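Here it is, the structure in full.
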Amino acid sequence: MQTHAAKRVEIIIEAPMESRLTDALENAGVTGFTVLPVLGGSGRSGRWTREGQVGRAGMVAVICLIRPDRLDALLDAAFGVVERHIGVVSVTDTQVVRAERF
Amino acid sequence: MQTHAAKRVEIIIEAPMESRLTDALENAGVTGFTVLPVLGGSGRSGRWTREGQVGRAGMVAVICLIRPDRLDALLDAAFGVVERHIGVVSVTDTQVVRAERF
Amino acid sequence: MQTHAAKRVEIIIEAPMESRLTDALENAGVTGFTVLPVLGGSGRSGRWTREGQVGRAGMVAVICLIRPDRLDALLDAAFGVVERHIGVVSVTDTQVVRAERF
Amino acid sequence: MILSFVLGLFASIARSELSVPEAAAKMMSLYLLFAIGFKGGVAVAGHGIDGHLLAAMAGGIALSFLLPFLAFALLRMSTGLSALDAAAVAAHYGSISIVTFVTATSVLSAQGIASEGYMVAVAAAMEAPAIVSALWLVARSGAGVRMDARLWHEILLNGSIVLLVGAFLIGAVTGEAGMDRISAFVVAPFQGVLCLFLLDMGLVAGRGLRDARGVISLGAVVFGVVMPILGAVAGLAVALIIGLSPGGAALMMTLAASASYIAVPAAMRVALPEANPSISLTLSLGITFPFNLTVGIPTYVAVATAIIGG
Amino acid sequence: MILSFVLGLFASIARSELSVPEAAAKMMSLYLLFAIGFKGGVAVAGHGIDGHLLAAMAGGIALSFLLPFLAFALLRMSTGLSALDAAAVAAHYGSISIVTFVTATSVLSAQGIASEGYMVAVAAAMEAPAIVSALWLVARSGAGVRMDARLWHEILLNGSIVLLVGAFLIGAVTGEAGMDRISAFVVAPFQGVLCLFLLDMGLVAGRGLRDARGVISLGAVVFGVVMPILGAVAGLAVALIIGLSPGGAALMMTLAASASYIAVPAAMRVALPEANPSISLTLSLGITFPFNLTVGIPTYVAVATAIIGG
Amino acid sequence: MILSFVLGLFASIARSELSVPEAAAKMMSLYLLFAIGFKGGVAVAGHGIDGHLLAAMAGGIALSFLLPFLAFALLRMSTGLSALDAAAVAAHYGSISIVTFVTATSVLSAQGIASEGYMVAVAAAMEAPAIVSALWLVARSGAGVRMDARLWHEILLNGSIVLLVGAFLIGAVTGEAGMDRISAFVVAPFQGVLCLFLLDMGLVAGRGLRDARGVISLGAVVFGVVMPILGAVAGLAVALIIGLSPGGAALMMTLAASASYIAVPAAMRVALPEANPSISLTLSLGITFPFNLTVGIPTYVAVATAIIGG
């Protein structure tokens, strides 16, 4: 099946920042993304888990598949939001079907 | 540690289609996959979130690790199901340990 | 934006083994990881789903982004825990921003 | 009760981050379905099945089959929707909203008006037929429909039908004895759970409204108010023909006036994937549901008691 | 109550997509554990601890230690299971199912039969010993067992033991005064929550049964029915030796007859990862649990009252 | 009630895997907010708004504005925290913990002490002002603050404020009539839900304490106990000036003494991302919350009734 080169960007970010990130993405023209829940994790700021929590504690994972030429715009937009915050950003080469969607 | 080339296929699909997709995968001989929950997202059909929903709204992410030579069979099977539906399919090169499992 | 080569290790493991895995990772010096919930899946030991379950049934996905030179230490540590257990481990080449964090 | 809904609506339109977790919303809906089904069953066990049960079922099924044609015609006339989208919306309006039904029963019981216990079974029977009509409308217009035995199976055994009918049967079998044992669970907290659930529905409806500006034309909004009124009139006609009590007639009007937002949407995603789901959901949940809750139900109850007499 | 379970079983065997969210199921199980533990504690506070508490604990622990040997021998004789799988199954049958226990207490209270409040503590004490026996059986057969202090810690402080014992102690400390304040929470809705929870258990059990065709041999199915009967007989013997009341004896029989499906499965995954988890779970949840619920408990109650006298 | 909290604390410090699902915890907190807000509104509808409402609101807001300065000064003196971290902690202590408030109301009602229904509105009003003070403290020290209209909107319309105020208004509008319809939901199970919720809070607090060894200095621990006492004294002074009833004064003391662990943490993550969140949370949830629950509230109630007179 015909596939096309794309980038898979995975941004793990604090839940209170989620809407700011997705708005920044949309402003940068990135209208496709998927948000996954995160149960817990560990990093320089220690270990945490979502169990029994009530507030908007915790993190979420935002996944964007985009055309390679739009990567920089996305990273710039995302970075403006996550810069001062805890969390991680990774970019992986991938292939997508139905390239017209991206 | 010894690793082996494989493909990681990630299919984000509407929840009501999940069982059809996994059945199609099994019929195509793909018996290994993992289903992750999705909180929300955005695409050409707009933004959505799962909060407070009652029905089988929303999407799920299905992840399959397979041997590279079986990729085409998998994509054909998956595509038969997702073709007319909203959602995205991506394929990434990866390495697995314990290749005999795939 | 400046990015740096890294590895994305994804370990899908039984929930009762989660704390053993993360402890092993920390002992091996891997202090950054994220745990995602898993809804269900299928493998050599059959199909399962988390719906309606009460115990610590099911699986979780642990994602680690690490510098390439630390991959082997991570895999050795992880493998010591998952070896006899069901589940899968995959390693993907990726790029991270803010390399100093890994 | 209605105020809870309004609070939720306000909160989400004001973009408050108030939200009810999905699992909690599902749990409350399971509770409401179980309680309403069980109570219906107990009522039937108490009063016996009068001869009207079958007539009411048949009437309800006929409404569910026929209302989509009316809805389809209205939509094609008053909005620019494609045949596909119009048919998908029509399926929602032929089918029913169980929360609207539950709210109506609780309005009735607050006013001390009795109703036929088997209306719960009628509600269950009205979920699916509208889907057939809608698919027939689409197939006639030449578009591809993905309809197979598996989807039928999913529709007929969808969670709310099974739970509603199952709880109804359990109630009918255990009767008053069963009620005594679990009334502290199915009766006492019912109103309160319904309040919290309506709060959540308000949140979801408000979010839908917010996101849907632009998707929905003025004609569609008018449809979302006119269609339930026409449905209620049709429901009243059926109730009069069958000879239901005032309470039963009000419930039949409510069923006919209400639009599905759980079972039909999922079915439409499978059968008509190209139809735009946000049109149907915005109309059903954002316009018709609030309309029924605030204006509709009180009117249906008033009209039914006025015409049929207390 | 049983009907709810049957409804769930039916729904999942008929492949309805009815389902209870994981978080809701966990919440209901926390509620049931808290309520049953608390009520047991209040009962002990009211009637005082009679001399039988320690004897009942010892008897329960002995049963939990010994029943795995019986189960293991039966399985090796009547099924083709490996020593490893047989031992894993045996651990489940030596341990207990708290939902089965809760259902039995509610059957007793519906029939107005009193029972010793401390049976809750006996239930907690019977969770773990069977695991020791099973691991010993495996170690003897030469296979590798992954058993360390950490796993012991996890087993002994597993969520249900801690909550059950904790709520028991809270009940024992606060007594009737505490009960007055929260009885609207722990008593009134208890039956109803149990109904919904059994509905969920039916769904899970049905799904297990459906998926397990082929995994389970006929011999194993027979074991799933015979083993609880033998367990109940052993439980009755212990109850007679200790001198429990008819209600207490029925509970002891139920505990001995029931098979774990929460604590032991998790422990087995860690300690015996090579054992096939679906064999144990299908037997415990798909065969023995429904058997106990429908046939077992009523029989145990009848036998206990007949032999010990009302 | 307190015992449930202790059980949770014990379970998590003993590293039991007992845990409450996030969705269930959120649901319980929605329930508690709805119930407490509604009851407050009904009380106001019953007794009318006496002239003290506005004074109490103003007093509460003033406390919320001023306490952060006290907290900041104490922290800078007694701990090595940076200005940034000290300000973040100070924001938590100026704001309030609604669970602590709920527990205090239920202690009052157990002792038969009346209190002003509008204290619920005062609680809502005290959530946000402390954030302003803290940000001012940070801005003064030259660090970058990310504060925009959007964050204000999020804070002022955060879920708990909206639900609390909304339920309060609903209660005030429907009054006793509304209460009659849903009292089986908002009154009867209240204590029980609070027990289970405190169990969860104990689990979360215990986990926080366990993970935070090392993060927290002795000086900080002392702050976590001294600050609520000073806050309570300030609250008492305000209550005396306004002329609240003994119950109202105890609640004002509790509000001033309590530290936020929901609304403020989320706001701080956005506004002061460089502040270490575990310091604030450990202090607020791991030290001050248990202190208030066990020692604080009973003392505040006793002091308020002693000084103002029953």
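The chains carry the letters A, B, C, D, E and F, assigned in the order they are written, with residues numbered from 1 in each.
Criterion: a contact is a pair of C-beta atoms (placed from the backbone, for glycine too) under 8 Å apart; a residue touches a chain by one contact, two chains touch by 3 or more.
Values in this document were obtained by computation on a predicted structure and should not be read as measured data.
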Co-neighbours of subunit C and subunit A - touch as defined | B
Can you grab the rotation angle between subunit A and subunit B? Superpose on CA, round to the nearest 5°.
-> 120
Computing the C-alpha centre of each chain, which chain sits at the greatest distance from subunit F?
-> B
Have a look at where subunit E meets subunit F and say same if over half of the interface residue numbers show up on both copies, different if under half do.
-> different
What's the chain with its C-alpha centre farthest out from subunit E?
-> A
Chain centres from averaged Cα atoms put subunit C and subunit E apart, in whole Å, by 33
Quick one: subunit B and subunit C, Cα centre-to-centre, how many Å?
-> 18
Indicate the whole-number Å distance between the mean C-alpha point of subunit D and the mean C-alpha point of subunit E.
-> 40
Residues within subunit C bordering two or more other chains = 36-37, 47, 49, 56, 92-93
For subunit D, residues contacting two or more additional chains = 17, 19-24, 26-27, 188-189
Listed by label, touching pairs are A-B, A-C, A-F, B-C, B-D, C-E, D-E, D-F, E-F
In their shared complex, at which residues does subunit C touch subunit E?
-> 14-17, 20, 45-57, 84-86
Subunit E residues touching subunit C - in the complex, by the definition given at the top | 19-22, 25-26, 29, 144, 146, 150, 200-201, 203-204, 207, 211, 215, 261-263, 265-267, 269-270, 273-274, 276-278
In their shared complex, at which residues does subunit D touch subunit F?
-> 1, 3-4, 7, 10-11, 14-24, 27, 110, 187-193, 195-196, 199
In their shared complex, at which residues does subunit C touch subunit B?
-> 10, 12, 36-44, 47, 49, 59, 61, 72, 75-76, 79, 88-93
Give every residue of subunit B touching subunit C within the complex, in rising order.
-> 1, 3, 6, 8, 22, 26, 31-37, 60, 65, 92-98, 101
